[in-house]
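Order of writing sets the labels: A, B, C, D and E. Residues in every chain begin at 1.
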């Protein structure tokens, strides 16, 4: 019952404002710690030298790029089936962050590919499907900006997001299904890790940093979207913060 | 918010004629009733029960004729009519189709592609469609557009027949429809 | 052959109202007069001289308003109006544009994209265009479509003003236009 | 005049009737303009023959490019015809009537997609082996390319319909549609063109083909519903 | 309210005013939907990146294919956007008003074509060098490809406009247009892509480029009139 209350933008707005700084702080802490582990403590790799340290950025962003899409899909399902405005706004707020994460994964991957495989880019299944993911994010954002009725845009983007989510398993399993340049999963819940535990720790801490960053940014963005969309509503006019800003 | 605090109902055998200045929401209201547009709030009841847009029961029992004639330029008048009527679930015989076209004064234009028909002739195909579809509820948006005097007479006759057979009609219009006054309720918007 | 043996003329300060059943060639006739459709035969004279379709003089002195409003859904009412009027060669000031829109009761809708306007509001942009274009000859096809009572009043006023200033009007219509009878000639087709 | 039974407990408006209506009508419309079918094919032929023109025509290179070009051309032919799938029905109000028809909308939509494939996809499948010869492909490669097109082009039509419905009435329709739909097309393209590559490399194409088959199944189950939802959104 | 001078001996409705009206209006329309320009470009990028996907990604092959792919993609982007050049103006009646405007119609039409090129052709020219890098083209080859696109894409827009006007209101417009216009496009493609091939083979590209330039001149002089005539026919 109390959770249900927060499905209204008016109720969620202050909650988001309250939570976002905490997540931002946690993101900062984890980033500092993760970078310190990754670039200070973790030993040089005997095969790849220093270049492997890109892993501390590459892997968290690659994971997030897929995860953000799944979360977007989740909100889209809610938005379509219950016609709730907040879910659609959440999905809208997630897309740019997802696109950035995807871009970072592609970018760092390409930078990493140069020293290890001798090329920035190859049409390998995982890279290709990750590129497709980027285009999917672009597609969702382009579709939204092409429709000016927000209600219609919400629902159209939800349909597209749900349809596009078939790409996620393709990215994830591409290394298993095809014989690719890209290496397979080295972190798994069932098998023992194949990595030095300090490297693993660094990656995990950086992953948390990415998580917290994404949550904080999305909360702030959703606040902006709520304000923009509900600018006609009475509760927005009564926002004390806004009034002091105007004064 | 285009309109709020609007409440009305229409009974079998009755027509509700919606009038009002341009832009007061007549078309929007009809589209909401048909289920095409999602209302920001409010309830629509059909036979006493609240219905959601695109409910199967609603689609089977209502007929919506909007601004667009839904004609294909490449098909002849008769093909267009048959296609539209069977999309709505009825399967009229060829004789029925021709009778309806003849009643709409389109007998001679039956085999012409819709592209070369005049504006009024295109609307008359819509009238022939009404004649073939005995649905409990008709939703008509500006049914009198582009019709000449005989066309208006045919429209009035079709509506009267629908009301006689226990159907209901909701029509938005700027032109007088010439219906028996006792069967008509009026809703003035704006 | 849609019609033959038709002869008529319209003088400055006079309106010619064309009526007749659906499909008798009113639209076709207007399009021929505008130069859009090639007639199978016959002569069109303008200021006493025979003219060919798309003659520069004809294009500069006539204004054709057909079934289509020539509006872009993406542009606002005001942008649409400015674009249409300047395509016809006039360069009205912003104040003129707003005055014309206000006269058409579109002052509040000025900045809305045409997509969300109602059918009647779209036609009213056409009326505002008429107000801004003082051409010697107006060719109007069904100008009353979708207009409410005030819209019809505005239309009648615009035509009257055009006639007063020595212009001529040829209009095809099914609805009565409410013009001063002495200024109107009638042509009944079909 | 006919009246429809509205009180029956079981709806008389079945999916099959809907399918028949949509296929019959769209095929009639496609055949009405006699030139249409030929034009579609000619476009495909021209695109396929353009590539050797634009690149240098060495023999081994040609055979390598062959399946890829056949597939890319199929994909482009599909993209080019998609905006028309619903546009005219949307503009003239037919789509409103389809959405309000008592027949199940996904079935009506599927009928339209089927007709689209029959008029644009199937001719391409039939023509592909002939054009493949031009690229010096051998019989096993030709067979696999054709087979992969036979399974793959319906996926293109099904996925494309989703994009077409979502971009209805949206400005920049054609290219927005391309942007939305190409990411979904790429896996189809990869498996499709990959099948022939596998055969030319002496491997079996069955993995690729069964992945394509799975894709077709998925698209077949999901696309009509997603498209119907897209159309309803566009009409709102 | 303003009145226009109708008795001037010299017509006040000059070609320049017409050009300005058409370019300003079409650019405004194109910019109105913010996504549009980006989408056009993304389409081009995706098509260009598709080819290596479908064929096998060997380095020398890539460099050979490069200019051809850049050109074919430009051609397809042009083809895809052409049906929209006049279609919406035709459907909503603007084209009638354009035909009846006191301004010279070829100038109005040329303005529309210019706006079309500015929004679809020019961005492609700007982007081509970047995409060419991806194919491993060297600087001389890149320069020539870009130059050939700069001269060639306006020809595509001009010729395409003729086809677009002739297929107005005709069913199957998109592919019929493609069919009409591709034969005219092919020479442009051959000279355009050929210029880069010449440079890679160590020859001079100037012959190809001056042929392209001559083509541009011819299209510039002829196309607006042919297109205006096509539109008048479509309106009849």
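As a working rule, a contact is a pair of C-beta atoms (placed from the backbone, for glycine too) under 8 Å apart; a residue touches a chain by one contact, two chains touch by 3 or more.
These numbers come from a predicted model, not from an experiment.
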Check: interface with higher C-beta contact count, B-D vs A-E, is B-D
Suppose you list every residue number at the chain D-chain E interface; are over half of them used by both chains (same) or under half (different)? same
Inter-copy rotation, chain B to chain C, in degrees (Cα atoms; steps of 5): 180
Greatest Cα-centroid separation from chain D: which chain? C
Taking each chain's centre as the mean of its C-alpha atoms, give the chain farthest from chain E. B
Using mean CA coordinates as chain centres, what's the chain A-chain B distance in Å? 50
Give, as an integer number of Å, the spacing between the C-alpha centres of chain E and chain B. 45
Whole-Å distance, C-alpha centre of chain A to that of chain E, is 38
So what's the Cα centroid distance for chain A and chain C, whole Å? 57
Going by the contact rule already set, what residues in chain C reach two or more other chains? 67, 74
Do you know which chain A residues sit against two or more other chains? 128, 135, 138, 142-143, 146, 151
Set of chain E residues in contact with two or more other chains: 29, 32-33, 35-36, 39, 42, 46, 53, 91, 171
Which part of chain C faces chain E closely enough to touch in the complex? 34-38, 54, 56, 59-62, 64, 66-75, 79, 83-84, 86-93, 96, 99-100, 131-132, 134, 136
Which part of chain C faces chain B closely enough to touch in the complex? 20-24, 26-27, 67, 105, 109, 117-121, 123-124, 142, 145-151, 174-175
Partner chain A, residues of chain E touching it in the complex: 33-36, 38-39, 42, 46, 49, 52-53, 57, 134
Which stretch or stretches of chain D touch chain B in the complex? 1-4, 6, 11-13, 21, 25, 28-29, 32-33, 88, 91-94, 96-103, 105, 232, 235-236
Taking the touch rule as given, give the residues of chain D at its contact with chain E in the complex, in rising order. 29, 32-33, 35-36, 39-40, 42-43, 46, 50-51, 53-56, 61, 64-65, 67-69, 71-72, 75-77, 79-81, 83-84, 91, 170-176, 178-179, 182, 186, 189-190, 193, 197
